[in-house]
Amino acid sequence: MNIIVCIKQVPNTTDVRIDPVTNTLIRDGVESVINPFDAYAIEEAVRLKERCGGKVTALTMGPPQAENALKEAISLGCDEGILVSDRKFAGSDTWATSYTLAAAIKKIGDYDVILCGKQASDGDTAQVGPGISAHLDIPQVTYVKKIREIDEKTAKVERMTEEGYDVVETPLPCLLTVVKEINTPRMPSLKGLMRAKAAKPLKWTADDLEADPAALGLDGSPTRVVKIFTPETRKGGELISGSSAEVAKELAELLKGEVI
Amino acid sequence: MASIKILLDKCTGCTLCVKACPFGAIHMADRKAVIDMAKCTLCGACAAACKFSAIELAKAGGPKKDLSAYKDVWVFCEQKKGVVQSISFELLGEGRKLADKLGVKLAAVLLGGGMEEVAEKLGERGADKVYLVDHPALKAYQDDPYTEVLVKLAEEYKPEVILCGATTIGRSLVSRVAIKIGAGLTADCTELDIDPKERLLLQTRPAFGGNIMATIITPNHRPQMATVRHKVMKEAPVQPGRQAEIVSKTYPEETFASRTRLLDIVEEIGATVNISEADIIVAGGRGMGGKENFPLLEELAKVLNGAVGASRSAVDADWIPYSHQVGQTGKTVVPKLYIACGISGQIQHLIGMQSSKVIVAINKDPDAPIFKVATYGIVGDVSEIVPALTREFKRVLNK
Amino acid sequence: MDYLLTEQQTMIRDLARKIAQEKIKPVAAHYDETEEFAWPIMKILADSDLFGVYLPEQYGGLGGGIMDMCLVTEELSRACGGIALGYAGTGLGTLPILLHGSEEQKKKYLPDIAKGKRLAAFCLTEAEAGSDAGAMRTSARKEGDKYILNGTKQWITNAGEAEIYTVIAITDKTKGIRGASAFIVEKGAKGMEFGKKEKKMGIRASATREVIFTDCEIPAANLISKEGMGFIVALKTLDTSRPGVASQAVGIAQGALDCALDYSRTRVQFGQPISSFQAIQHMLADMATQLEAARALTYATARMSDSGAKAMSKDSAMSKLFASEMAMKVTTDAVQIMGGYGYMRDYPAEKFMRDAKITQIYEGTSQIQRNVIAANLIKETLKK
């Protein structure tokens, strides 16, 4: 089974802080990590490989340093990595990003399952996974929390909904986006880390892809940012003190009418 | 190819762009801004921030398209088991305002099986028109037929704007539709407005985990599509007797074909537990001390007609299932009241709940970061205060 | 301080740190409270290849040495000294085989240990034979191609959880300590039983039990080295393992210092963080300095051991003595800096303090280490 897992390198939100004076993001020392949701996709891909045999290819689009994300993926059990990187991709919104990744996947050619995290922690759009499946015109199941059965032809999965889950059967090849509930990602192994250190992920530029230049990067992006601003930061309010009964009474008084 | 450059004669060295850049790609040299191309993603934040038009973001776009054929604001009305979901009423409320600003009609789009009566009721929620596609294959959501039908409708009727809930269904559906019809799509908007001159939808959404807000437009593509978070917009009021024109569409059978098969729908959680729908959430974290204390939260939630939420550490400790998790790797919630019990307030948790209208924090550590966002803070032991609140609310609400 | 680790050692340290911070830290209080053995963590350590860092490559290890084992032990201890002991105790139980075992024994046991499939334990102490190991009573009698073991080993780390036990027993009573021999006993051997789990002050996530042999039969091939070599095997094992205990102490102290440092920067009293008070600053400075000195001594000793040094009883005793005394002091000071919060179980400081205490006691008390150091000092003078 050939599995492609799409990942993204994002700033670690644990480190993201706001400068209280200038109200801007403090970026110094913010390390780049694999999007937390993609970690579940990587783990599921490696588990699928362990279950069905085959190969896992990690794919990412990003700046040259996104190679580190691919190496990390390899240390976690992926077999190889492909970095799609070019200045021409700069400014891509989700439309152009999914177009570019789909073009890279077409170049890889042989695949049965594409796995993505449900969304990226920096953009939070959840649009790129479905976008890729639309560009490739393959079936998708989003928010997968369990792969019940899978063989060369079909997969039976549980798709998380607001109320519970749907059981969905999909033919392969297909694209699945996964949620946290699907697994607990493993830690890298030392042997995996050593393999990752030696690994040389493939690097593809725009010229390596069969893609319409007008559909790449900012030019290929229908949306455009016109304003960025810091939201009004929430201010801590008043502290209520006293015995349990007293604070309960005061709080009920404060909330009455307003929210309850 | 698109490019960005600093117009040196206009740059005053004011450093506004340095502060605006979310990627740290701009620094000052000789009192002029310099862009580090290795870091720049052409996001345009600097150009938007510059007061002197000194940053030129050039796009190799073709000739400006004639977009005048596109009109009306559409709201995709999500239904489950034949019941229109409340998010759709919120979108109709917001859509009404946008349609009025644009001077166009508001249309509801309803896909389902046996939905005629439901469709007629949508006029009472402010829709001028209802596009109804009624077919047994559309009873429950499936990606393929829903995408196909919405694409066909949009191609035929050319809406200017399509709004959809940022729900699991909405996000899966419109992401595919936007690709197929070459539309711009902005996720998870918390604020929408219209630029009446350019007829642009101004879509504002949080980015970087809510640390910054971005306003996004779709200048040269139509429709302009957006998903909107739950509980952000006000529900459209019911106007009894108000009628909408029903446009009932049929399509050839193959339009409804699906490659995936829906085998079963399992409902695990009742409405009281669905935290993204709840108006009131009582949430617990590590400070609850253990699984045995979670019933205290359930009792309080019950009295308030709310749902129980949890922080990641409580979920990781197996005190409560993942479906209750609020925060970055869980759900983003915007209830009217969020009561955080024994939750310290790590950034990942705050991301998921800091837009709540009123936040009450109960924690024994007075320095816990949760107090920095709480409307009302109570320093103390959750195991004493939560039951006291339950008793008090029971009394106040006459339960 | 930069200890000029090799690239592989840096990788090992970083991975152990990641596992400690992400997987062990969140559950440390839970295992301390419940006194359960942290099998899920052992599984993670196994899957990450950490059990094999100090074992030769031909047995499935990564070809490192005691230094590598120390790096892992230190990082794990920084999150939980008890859980770290499941790892370090396996190292201790493995050393007799690694240092004195036959090629067959190494081939048979080391690969499973390297993979983390089986844990190990070292059985030396008895009720009447603590510091005075010579008073040991457990006996091994040869019968044909078997040895029959009788006796009870006490306070055995990993007992009940481990599958491979290296046991020191008397084969010839007439020769005193020169009549001791070392054996490999696999869990499940007939006549081998475990006592109830001990309730301890600290390192509560580690399993400590009696190992009871009642006419326990093992193959004669399980004798390590030769009859009569048991005491040498034990001493050499302890000489080699003491830097491991030292690194556990260093890790525990580091965990406590991290905790106190964090707290001092966020705790506000008299309108400012307590870290701005000189009284606190000087305590923190002393803690960090002593800690670094202990770490330097520990690493130097581990590297000396890996370089093949023969006589290192004194040096390894020094590292263990200095590091464990330091750990007790630093963890006590961490609790002090945190005041009332430090004393509460809601914060990990008091646990570090409880965990630190054992490092002054096991694998030779601080007093025994001083005996060893002094004896060697005097011996060295006589040689001159």
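Order of writing sets the chain letters: A, B and C. Residues in each chain are counted from 1.
FYI, a residue touches a chain if its C-beta (ideal position, glycine included) is under 8 Å from a C-beta of that chain, and two chains touch if they have at least 3 such contacts.
The structure displayed is predicted, hence computed values, not measured ones.
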Starting at chain B, figure out the least number of steps needed to reach chain C through touching chains. 1
Per the definition at the top, count C-beta pairs in contact and tell me whether A-C or A-B has more. A-B
What chain is most central when centres are computed from CA atoms? A
Top of the farthest list for chain C, CA-centroid basis, is B
Can you compute the centre-to-centre distance for chain B and chain C, using the mean CA position of each chain? Integer Å is fine. 53
Roughly how far is chain A from chain C, centre to centre by C-alpha average, rounded to an integer in Å? 41
Separation of the C-alpha centres, chain A versus chain B, in whole Å, is 18
Within chain A, the set of residues that touch 2 or more other chains is none
In their shared complex, at which residues does chain B touch chain A? 1-2, 19-20, 22-24, 37-45, 48-49, 57, 59-62, 80, 140, 143-144, 147, 167-169, 171-172, 175-176, 178-180, 182-188, 202, 206-221, 259-269, 274, 276-277, 279-280, 304, 322, 328-330, 336-337, 346-348, 351, 354, 357-360, 371-380, 384-385, 387-389, 391-393, 396-397
Quick check on the complex: what are the chain B residues that touch chain C? 313, 316-317, 367
Which positions of chain A touch chain C when the two form their complex? 186-191, 193-194, 197
Listed in rising order, the residues of chain C that touch chain A in the complex are 8, 11-12, 15, 18-19, 22-23, 44, 47-50, 52-53, 62
Residue positions on chain C within touch of chain B in the complex are 26, 30, 266-268
